Every structure is written in C-alpha cells, then in structure tokens.
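Across the two complexes that follow, chain A remains constant while its partner is chain B and subsequently chain C.
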Partner chain A sequence: MPESASPFRLKGNYFAEPYHFRTDVTTGVCRTPTGVRICTLPPDFLLGLRDALIYECGKSYRTVLKAAGRRWGSQWIKRLDREWTAYYQQPFRELPAGLIRVCLADAFAAHGYGKLDYTRAEESPEFWSAEIGDSLFPALVGESDRPVDLLMSGLLAAIFSYLHGLTMDCLQTECPSMGAERSRFLIGPAPRIAELEAWWEANTPLPSHEQVLQQAAATSHAPTNGQTHTHQEHHLPHSQPPLEVVS
Partner chain B sequence: MKSSEAADFTEPLDKPNEQTLQIIWQEKGEPRTLTFLRRNGIADGTIRKQIVPRPGVQPYLHNYYHDRVYFRHDPERGILLNPYGQRLMRVSEDFLVAILGSLEDEVGQNGAREIMYKCGYQWGLHDMRRFLPRMRAEFEAELERMRVDFLMEEWWWPLTIQGWGTWRYDFRQRDKGLLYIELYESAVAKSIGDIGAVVCYFYAGLFASVFSTLAKRALGCVEMQCYATGEEFCRFVVSDYDRVNAAAFWRNEGATARDIMKKLAQM
Partner chain C sequence: MINTWLTEIIHTANERLFNDEELARMLSYYSSVPTRLKLVEELERQEPSLTRALHKELQRRYPQRTLYTRRLAQDLVESLRYVARAVLADDLRLLRYRWIDHMRAALAACDVDPQWIADAYAVLRELLQRQLTRSVWEVLDPAWSELDDSLTRGLVAATR
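Moving on, here comes the complex of A and B:
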C-alpha cells in the first residue's frame, strides 16, 4: 500500500443522516449532496424484476441478474471513489484498507443492503471472504435451493475488481434462503472463482463456505512474483501516518 | 375461494385473467403493516361502509411522506424500512442503466423492453396486493366506496417519496376506454438521458397492472412520448390491448402523442 505524505483526516460517516438523501416531494426526486439522483426500490419492484427474468430467461436469469449487479457496481464504485476522494482529500484507493472497509460498510448500510464485512481468506490469500448480514434479496425470496443474492454477488465482484485493478469474480456460498444466517461470498480472481464454482456446483449437498475455502487453499496457485495490488492489507500497518481527527 | 384454487400458472405475466385480478381485491392485509402508523387507543379496527371524518387525533397517521418519517433506517443492521415494515433499497441512477444494459446484452433490445414491461407489470400486481388491504385498514372503510382518484393519489405518494417522480392522470376519456397519464421526472428516462427512443417500460407495465387491478380486467399501457426522446415529460395511454397495440404502432411510425390521442379517440 502506498504511503501518504500527509496525515489523512478522519471525518466520520460520509452518509451520516439526516442530510445525505434528500427528497423533493414536489418533483418526486431524491438526490445526494453531490446531486446524484437516488431511487428507492420497493420490494415489489425487486420481486417483479425476478419474476419477469425467470419467466423470460429461465435458469439464465441468474447470469443476467449477476451481470446487472456487476455493471451497476462498476459504475457505483467509480462514483463513490470520486466522492470519497473529494471528501477525504486523498485518493480513495490510497486510504488505509481499514478505512476503505468502513466506507464500504457504511455505503451498504446507508443504502439498505445490509451489514457488509470482509476479510482476506487466511487459507488462501488470493481470495477474500465477505458476508452481508440482513441482505435484502434473500429476505424477499424466502426459500430457495440456490443462493439468491445475485445482485450483491455482481456488485461485490465489481467493487473488488475496481479496488484491486484485476478482474475479480464472486461466488455466493451461503444464503439465508437456504437456511444460513447470512449471505457469504468468496471473491477472487475470475478464473479461480470459475474453477471453484464448477467444483461447488458439482457437489451435492452444496459445500459450505469453509469447505469452499479449504478447496481454494488445496488448489491454490503459487503467487506470482512482483504481482501488485492496489489494496491488499486489511489491517492498518504500523507505518501508516498518524490520524488527524477533525471536528 | 382460496388463491391457490384460482391461480393459473400458465397465463402470460402481463395478461392476467379476471379471476386473478379479483383475487387481489380479496387479499387480507397483514395487521403489522400498519403498526408504525396506528395510534393505539383511537383506532378500533372497524371497517365502515365509507370513510367517516373524525374530529381530533386520527386513528392512523396519514401524511408520513417526509424523508425522516417515511424512511426508517437502522444503520447497525444496514436495513431501511418504510412505515409499512417493508425493506427498501436505495440505488443510484446507475442501477437502472445497468439493468437496461445487461438485459440488452442478454436478450437484445426488444427482449429487454419486454422484460422491463413485465417487470413493471408484476411490480404493480405485488404492489396492489399490499396496497388495497392497507387502504382498507388505514382508512377503516370499504374499498368499493372510495373514489378512484383518492385511491390513485394514495397509491402514488409512496412512489413520490421513493424518488420515482410525479404524475398526473387524465380520466376525461374514460367513457371511450382511454386513460392518459403524464409522468414527470421519470427515474428511468432521466437516468438514461436523451437516446431517441422511449425507455419507461417499467412505468408502462406498472400503470397497466395497477389500472387492470382497479378495472378488474386486463389492460395494456404504452408510452407515447418520453423524456428520452427529447420531450419535457413522459406520456402514457392505458387501454385495451387493441388500442394499445395501435398506439405503439403509430408511435413507432413517428406519430406524436397528440396525433396518437386523436386517432385513438376515433377508433
């Protein structure tokens, strides 16, 4: 992680209420302070979208929904990068990884997507293990024999791809619609996730998150020398500049 | 009659039969959907023939369309609820653009339009299943005695606060079976911008299903003009399928909304 010359300034939650999302009821338009238009999706919209996709696309609805999440995520994270860079007066991707994690968790919470947390997989450092508590889609769908958090899978894949500067993909391994407590995801380089997904799909019953992690470690490739990531550590290193808290 | 007995799983998503639409009117609401709005000790839960004005504090809070009242955010859990206890999800305009782009990649432009229309249609049916029982409970009166314009305004207000724009409807040609709707600040068209083609298929499907439910017969809807074609606002017509198909044909041939409305009135 590149070191910053000047101390960065802690400014609290970017999405602090009640001022971030403002709706003008005379026009039916909601905007953020930077002028970005926000639309609130009711559950009926999401269920309608899922119904229509299943009806028209059959099983490939999963591909479409995940692709939509990825496409949306790649634009969303770019937009957030610009806003957070201006807010922290420092390139967002150069902020400490811990702060990036907090920013992303705040963004998910403020938009109603649930409680996001992620960490590098100890078993295989090329992967990240993420989870979303109280994720929306599984709460709407109810029971399913496959994970249903497809929008979030695509969204996380896009966000991690952007942060790492690599093409990353995301596999949802556990889902509340299948009886799990929360949605859990494995995020890693796209070819490796494709291998793991094929293995995961071929097993009955579907392997747990821990089993997928073990499989990832067992089939791990040696890291390439000189491979660079823009965002690797998930703990603040001791070499970080001192924090300056502003009121 | 139980819902499961009458459900027809082979019917097209955007052309439900009358039985399906009737069932929506018979849906029983969940009492907890009004928990946030109920004023305990005043609401007695009695459903009267029509709305009875009451002096003083009302049994239910009715005007809750403010950011701080409508959106109930729990930042610890990262969840957003409306006053009816439903989960909500905020998205930037990128989301609608992404949905359109992904659908076009997967099924082509025409397929994408059809899916968006059907999505809107299903959205409206899901919405009406919750809205009608909620109205009956919130205003403690039979739905059949409520004015349609009152129902319509009450239905749209949540969409206004959710950022879907504002609307105006025109029932003046209802005797001819024509209902016109003007939509301002369409979330879809404003997100996508001026691309020279109508894009508000979500809204068209939504209007079709909502008015089908109210009319208890399947109706269609087509967008005649759109912000995305350079107009100031979007305009839709809701009618039977013959007229809606004709309107779509004329629009594709380059007719303006005004021309289409004239031709429809003469059909």
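Moving on, here comes the complex of A and C:
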C-alpha cells in the first residue's frame, strides 16, 4: 500500500461485531450494518458458473473469470473504503499500510474468502507478493494443470489498483489445485505483470513463485516519472447496487 | 449481545437436565449480573472524561512518544466497550476475537512496540481504579489480565 505517515490507530476488528451479517427471516434478506445486501452462493453454484463459462467461452474463460473478479473487487473495495473511513473517522487510504493490511485480512476472513497476507517484494519493490490460505476455488475445483483462483486474482488486482491509484494486475503463481499449500500471487503494474505472465506461460514446467520474483527483479525497469499516486479508477459502469457473495 | 458459553450450555442441555457444574456457573453468573451491568454503565458514563485524562497523562509521562495521539487515547478508551461486553457475557473469547487478535496483528504489522500500548493501558488502569469500586473492579480484572497478557512482546512477535 502507499506509505503513509498517518498516526497509528486501534479500533478492533470491524467485522467481529455480533450479527455483522444480519438476516431478516421475514423478508429473507441478509444485510451488513450499512445496508448492503449479502447473499450466500453455494459451491454448486460457483462450480456451475465456472463450468458454464468454460463451455461458453472455451480457453478465454480464464480472462472472463478474472475480469469478473476485477469488477467485483472494484465495487467491494469501494464499499469497504466508505465503511472503514466512517469507522476510523479518517480516510481509509491514509491509514498506516500495516493497518490496511490487517483490515483487508479481517475482511477476507469475515467473508469466508480465506486467510490473506501480503508483503512488498524485496527483490522488486514495485511488486507485492500475496497469499491466500484456504482459498475457495482451489478447494472446489480439486486438481488442475493451471492455477484456478481467477476470481481472487481479479479481486486482488482491483483492490491494489484502488488503493494505489494505479492500474495494477495480478498473476497467480501457485495454487493448491497444482499441489501448492496455498494460493500465491504477484501483484504489480499491469504492463509488468503482462510481461511476466507471457514469460511464465512460455515455461514448462510453470515457474515457482520465487522464480517469478527473480524474473521480476531481473527485468526490473526504472520507475517511470509519471507514476505517482494519482487516482485512476477503472471506468466501470456502476448502475447495479453492490451484491456480494459469501460462501 | 451473545453469551456464548450460556448459549452452548442451553444447546447441549436440550432435552436433559442441567448438571451441577452448569447450574453452579449459571447461578454464579446471574448473581454477578448487577455488578457487571454497573461496570458497563460506569465505563460508558466515564468515556469522555477518561479520554481527556488518559491523553493528558500519557503526554505528561511520555512526552517523547508521538504515538500517543488524542485519537489513539480515544481508541484505547473505546476498547473498553469490547472489554465491557466480554465482562457482561462473562466470556473472554469475545474479547480475544473482537479486540485482542486484531490489536496484536495491527501492532506487529505496523512495527509498534507493544510495550507502549501496555504502558498506555497501565495508565488507563490507574485512572479506572481511582473511579471504580472494588466489587466492580473484581469483575473487570480477568478481562484486564487477558489484555495485559496479550501485550507481552513474545505474543505479539508470534503473530508476525
């Protein structure tokens, strides 16, 4: 996250209030404290969605699923930004980077997306190395010859893009469906991730996370002068109210 | 508010009699509910004055520690709400889940010395002890010890 000299704060786990997700059984509607509607999508639905995308889109299903994650993540992080800003009574993006990391990990855990952690890549500081333990799709899909956490890749890309004010992308480098312990991702500026993804795809067997990091460091570019933290949000239509998935 | 241990007893005791241990715990809890409620009321009433006093005292004792902003003093005083709810429910798991786990992770992630937060809580404890009666302090004490224990360096380092 962008470095911040903002004072340290301690407000507790935002999601750990009793009945954070409150279901009104008379209407059959579940909402967060701020009124955002939440619904549970069971594994059958998620696998059905994935299978339908594979059937309809062929190999490009990976691009479609990642784009869906990006669109979802873009809305999700905007909502969380609003809620956390109200909770902390100061702009969320101005909180210390470590605190933002803890808040995001709390959010992932509360929504059932797994245990998130990330650090800036020491080898190449323009990248972030992230991992999700017990992520959803690898548990559902089982074995695969390619990483399957595409929704999470898109989600992470959207979150980091929003918080950095840059167009970031995400490459999943390791996946439990390929025998890894947890899903691991490399997040960085979109053009750099595109270069790395092309290199990664061209290799057999697929390079490990550490090898991708080494490649990133070896091909590191000098920072572009224009790459400041100006906010460039994705130009997505937002006509639909946010509807989120809890699995 | 959720009283988790009581809910668990009621769920597991479905269609059977409560055993002696369960009855003793429930009776002991219900006899202490008035004191617990008094603590919650006291803490709520004293929040603004505690915030002012804590910030002033921290600045006086540790003028070189810029960490102690007024907002952080307010955050620490507001953390007593989590303490109060755990005391009211007589269940420290609520305190761990809602406050302690997050606090430990945040301290480690932001490289904040947990001793500084422990020092701030020690000052807060002094301020509270001046204002709470002994019986009220007794119901608060287990939760406070849990907070103190969580702030030891080893525990914070273990979450890194």
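The rule is short, and it goes like this: the second predicted complex is superposed on the first by the 213 of 247 C-alpha atoms of A that agree within 3 Å, B and C clash if a C-alpha of one lies under 4 Å from a C-alpha of the other, contacts with A are read in each partner's own complex, and residues count from 1 in each chain.
Please note the rule applied: a residue touches a chain if its C-beta (ideal position, glycine included) is under 8 Å from a C-beta of that chain, and two chains touch if they have at least 3 such contacts.
The model shown is predicted, which means the values in this text are computed figures rather than measured ones.
More residues of chain A are touched by B (comparison of chain B with chain C).
In the superposition on chain A, A:11 contacts chain C only, with no contact to chain B. Touch criterion not met for A:198: it reaches neither chain B nor chain C. When both complexes are overlaid on chain A, the residue A:218 reaches neither chain B nor chain C. Of the two partner chains placed around the shared chain by superposition, chain C is the only one that A:96 touches, whereas chain B remains out of contact.
In the superposition on chain A, contact of A:36 is made with chain B only, not with chain C. Using the contact criterion defined above for the overlaid structures, shared-chain residue A:49 touches chain B, although it does not reach chain C. On chain A, the surface patch touched by chain B in one complex and by chain C in the other comprises residues 13, 17-18, 105.
Contact residues on chain C toward chain A in their complex (touch as defined above): 1-2, 66-67, 69, 71-72, 75-76, 78-79, 82, 97-99, 101-103, 105-106, 108-112, 117. Chain B makes touch with chain A in their complex at residues 13, 65-68, 71, 73, 75-80, 82, 86-99, 101-103, 105-107, 111, 114-116, 118-127, 130, 158-166, 184-185, 187, 190-191, 202, 205. Note for the complex: chain A touches chain C at residues 7-13, 16-18, 89-90, 96, 98-99, 101-102, 105-106.
The residues of chain A lying in touch with chain B in their complex are 13, 17-18, 21-23, 25-30, 36-49, 51-53, 55-57, 60, 63-64, 67-69, 71-72, 75-76, 79, 105, 108-116, 132-134, 136, 139-140.
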